[in-house]
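Labels A, B and C are assigned to the chains in the order they are written; within every chain, residues are numbered from 1.
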Amino acid sequence: MSDPKIEGLELKPGFKGMASDTASDQTMFKGVHWGKAMMWIFLLSDTFVFSCFLIAYMKGRGSTPVEWPNPSEVFALDAFGVPVPLLLIAIMTFVLITSSGTMALAVKYGYEKNRKMCGWLVLATAMGGLTFVGMQAFEWSKLIHEGVRPWENPFGAAQFGSFFFMITGFHGTHVSIGVIFLFIYSYKVFAGHYDTGKRGWFTTMKGDYVEIEILGLYWHFVDLVWVFIFAFFYLW
Amino acid sequence: MHAGFIFLAVIVGSVLFHIFTPWYWTDIASNWGAMDDTITLTFWVGGGVFVAVCLFMVYCVFKFSYKEGRKVEYKPEDKKLEKILTWATTIGVVALLAPGLVVWNQYVNVPKNAIEIDVMAWQWGWQYRLPGKDGKLGNTKIVNINEDNPFGIILEDPNGNDDVLIQSDVINLKTNRPVKILLRSVDVLHNWYVPQFRAKMDAIPGVITYYWFEPNKTGEYEVLCAEYCGVGHYAMRGGVNVQSEEDYEKWLQEQETFSDLIAKQKKLELETEKLAKKINLNIE
Amino acid sequence: MSEEYENNKSSYQAQSSETISGDGASSAPDMDYVRPAEIGEQDLYHGHSFITKWIFCQDAKVIGVQYFLTAVFTGIVGLILSWLMRLQLGFPELAGFMTAEHYYQFVTMHGMIMVVYFLTALFLGGFGNYLIPLMVGARDMVFPYVNMISFWMFFIAVAVLMASFFVPGGPTGSGWTLYPPQAILEGTPGSGAGILLMLISLSLFVIGFTMGGLNYLITVLQARTRGMTLMRMPLTVWGIFTATVLAMLAFPALLVSSIMMTLDKVLGTSFFMPTILKAGEVLEYGGGSPILFQHLFWFFGHPEVYIVALPAFGIVSDLISVHSRKNIFGYRMMVWAIVGIGALSFFVWAHHMYVSGMNPWFGFFFATTTLIIAVPTAMKVYNWILTLWRGNIRMNTVMLWCLGFIVTFVNGGITGIFLGNVTVDVPLSDTYFVIAHFHMVMGIAPLMVIMGAVYHWFPLVAGRMLDEKLGKWHFWITFLGAYSIYFPMHYLGFIGVPRRYFEMYDSPYMTSAVGMNEFISLAAFIVGAAQFILIYNIIKTLKVGKPAGKNPWKANSLEWHTSTVPPEHGNFGDRLPVVHRWAYDYSVPGANDDFIPQTTPPSEVINTEVEKT
């Protein structure tokens, strides 16, 4: 996004600029779209949700009397008869990170008003997310097949299953919601709603490519959270 | 009537109520007089602030009631006054906090000569276990609890054999000897609380928590559960009997140990077996 | 910071001449200069039918009133529950219909309703929605549609909560803290459907609140009118804003603990459930940590106290200032105190857990942080009474509620120092002292503010003045009654009477409490009944009340300077107001009136010695 021009106010960089923006009237974040500011604050709140989950997980893992299962065995996948640890997770993580890349490109083309490219890239991101959710479903069914349940776990502490299903489930819900919105937005991009400024369903505001960026913020956040979940569940 | 008078009456009434109240703490029967002292200190400092602030408010209400055309001061802030008030408050707060922390330090550090007492709680009752001659309590496990082993003592633990089991909600303590209360629960949260001892702590299933006190007055006291534990919470009472050393030792001698209990049960089993054999013989 | 601002100002003063035209004829244009608008006008959806105007309405003011009415409805339910509890405690012989199960269900529902569904919803949903856009000079909340959904989420949450009264087993009776394992085990009333509905309702509340909260925050941050800097906002907005920030960061812990406990209940996971022996059988649970729930709960629960208290602080500051015709003393200190208290409230949660069996060494840390909060809080109290000092105090109903607030809040704040100081807490925790403390400080004190705010802003909402005489009766009965409920109750705590006791039995130190319990119950019945005076007053006023006209209290802040009274959708008519000063220019030396509204340009009050803000 190009630097916003605010009439009657010179924007300064760094801490000084932050202080003068804070002390000024009307807006705190100069030139920032309302929806974008809202998404940032929502993500801050959501960060606390995931932090609570992960802190609960650490506490739960630390205090359980039964031993915690070894992740590289539990999450191993047989590839051509050889168990490869973390194979599926590596692919899942790769897919999700790649989708973040396509999302970032979509935002770029959006601001360039390149309708087609933007639309295809949003759609590609949605497909990436869908693949991720699909692979997660595969992993869940594999674990369930092996006897892991939220309330019991043949490999060790029952809390392993509880936390795994709860936290990846919660994250998966986030991804799924994101995928739904990505599909909706790709439709809106292709239909040209952001070029004509057509009003959306949930807001009286005019459509604008900034909405792609807002959705992008959400999508990158979901990715970032996955990195933490990945580290806490699969590498610890 | 001017509203200020009623506010004044409320403040004066509060102070008088505090001075003449028939409801105040029960006579202390443990070493935690320091807790009462911190309460008294907080009362003096806090009560002083309360009275001062409210009296000042009442003064303002009398002095500056609405009058058309009264000259009102326009002074958005007074840095100096605010600074003085901040520091004065800080000093007051430190004066309250410091003694509190000192006493808490005593509370969490148990004296070496304390007798350990296992207090086991369930919905809704209490029972107690004292260490035997070896002075050590045997380890326990909730899953071991059954009719033959009411405390769930691990049978392999040699410390457990001479433990004194008191399957009653009343326990005896001796005066002037600190006790370390080891709390455990088999189901939900409980709290073993005797108002006269001042001290308390929750019992948590799966964890052993502790606190200590030294009873210093003989007598019988009521134990209350002070953490909500379900519908029988209000009825979950017990008792403490604080006795002189002689009475206590006498009482202790009469109590059953874990090995006594096992022996008794073995005997009972043998007798039943014999009885069964006899009956069988008779039938044959 | 201010220097920076000055520099900015000089850099854009060059282009000022054309932008100020229309701000009224002025002799010194540069003096009245305010930066032009950064963003265009907000598009508003105006309802046409009854449904879009009053039910699924996107006007923050209507949503605020909807929140208010729904919260008051739940509050009345909570009030009736408290009557039933007091009947059992004071006159058990008359409460033969009540079993211990009932009693604990009433305790639980009373607590949860009053804290979350009444006070939180009323302050943030009710006052927040109504006042934020008006006070910062916005047309509406920034996302009106989301705001509407927020209310209906709250409405569903209330409906789910109320539904739990009618399910088999009744509502949960696990105490408002919902501590596991007891909350989801047999032996606690309502441990089946009751607790589930409670958890679902709380989750819905959090989701709904998040939608509303985003609105409040972005409206304050990004949609203020021209000239409205953060340090010119009325303290009401500061209080609600900071409380919303706290809520956005604290409710996640409640959401997470609700989800985890729901899974423990429904799927049989063991997040909070250790090995449990019940009725001689070992349950299927094992390995969980009950303390974890307490940490999560109080990480939400303590900021929650300030979510209720901070809006009250803010509102009462404004009321005191308006009705003593004097600027709030030490505005900047007040703002920093609100923000500081809010920040500190995230580091004190475990002072609710001194005797919970957590590592006792935490006691040192949390006692220290807790007592640090006493300093900014005390500063606020000093500033309130220093605002009264040398003021011109109107002794009307609004002011009476404010004075009542000061007395009860100082009282409750000081008992808070007892409980925050870890050693003093040990004998007092889980006794009636705690009940008395938190009712005084976060029950009665905020309620006093709510009542004061109702009498203050009713003329704005309805265009008519509430009856002063009835208002004074309402105040004195409520204040004296509530004070005589909770002040003596502290002494029950000293005796050692534990809380959440259905029956006291005849312990020697408890028998002395019987008389007091009867007295407290009588006072509670009277105070509860007195609240219906307000309802009568409102109904009467709506019919025959004196028309308020514009700005009946001669206040400065923007909500009194709308195009119509009551304000229409869009609040300010054709042109948004332009703000030139803070909201507290009362009795400025040299001014004609004893108030200068925020919209008055400096050139109109050129001879005054007004403080630069």
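Everything below uses one rule, namely that a residue touches a chain if its C-beta (ideal position, glycine included) is under 8 Å from a C-beta of that chain, and two chains touch if they have at least 3 such contacts.
Quick caveat, the model's predicted, so the values are computed rather than measured.
Shown here, the protein chains touch in a chain-like sequence that does not close on itself. Highest C-beta contact pair count among chain pairs: B-C. If you average the Cα atoms of subunit A and of subunit C, the two centres end up 33 Å apart. The distance from the centre of subunit A to the centre of subunit B, each centre being the mean of the chain's C-alpha atoms, comes to 48 Å.
Counting partners per residue, subunit C has 288-289 as the residues that reach two or more other chains. For subunit B, no residue reaches two or more other chains under the stated contact definition. Those residues of subunit B lying in contact with subunit C across their complex are 3, 6-7, 10-11, 14, 17, 21-26, 32, 34-36, 38-39, 42, 46-47, 49-50, 53-54, 56-57, 60-61, 64-67, 70-78, 81-82, 85-86, 89-90, 93, 96-97, 99-101, 103-105, 107-108, 122-123, 142-143, 145-146, 183, 186-189, 191, 193, 195-196, 198-207, 209, 222, 224-235, 237. Across the complex, subunit A meets subunit C through its residues 6-10, 12, 16, 19-20, 22-32, 34-35, 37-38, 41-42, 44-46, 48-49, 51-53, 56, 59-60, 63-66, 150-151, 157-159, 161-163, 166, 170, 199, 202-206. Subunit C makes touch with subunit B in their complex at residues 100-101, 104, 173-175, 179, 181-182, 185, 187-189, 274-278, 280, 282, 288-291, 324-327, 329-333, 355-357, 360-361, 363-364, 367-368, 371-372, 374-375, 378-379, 381-382, 385-386, 388-395, 400, 403, 406-407, 410-411, 414-415, 417-418, 421-424, 426-431, 476, 480, 483, 487-488, 491-492, 494-496, 498-505, 507, 509, 512-513, 516, 584, 586-589, 594, 609, 611.
Across the complex, subunit A is touched by residues 1-2, 4-5, 8, 11-12, 15, 19, 34-39, 43-45, 142-146, 210, 213-214, 217-218, 221-232, 248-249, 251-253, 255-257, 259-260, 263, 267-271, 284, 286-289, 292, 295-296, 299, 579 of subunit C.
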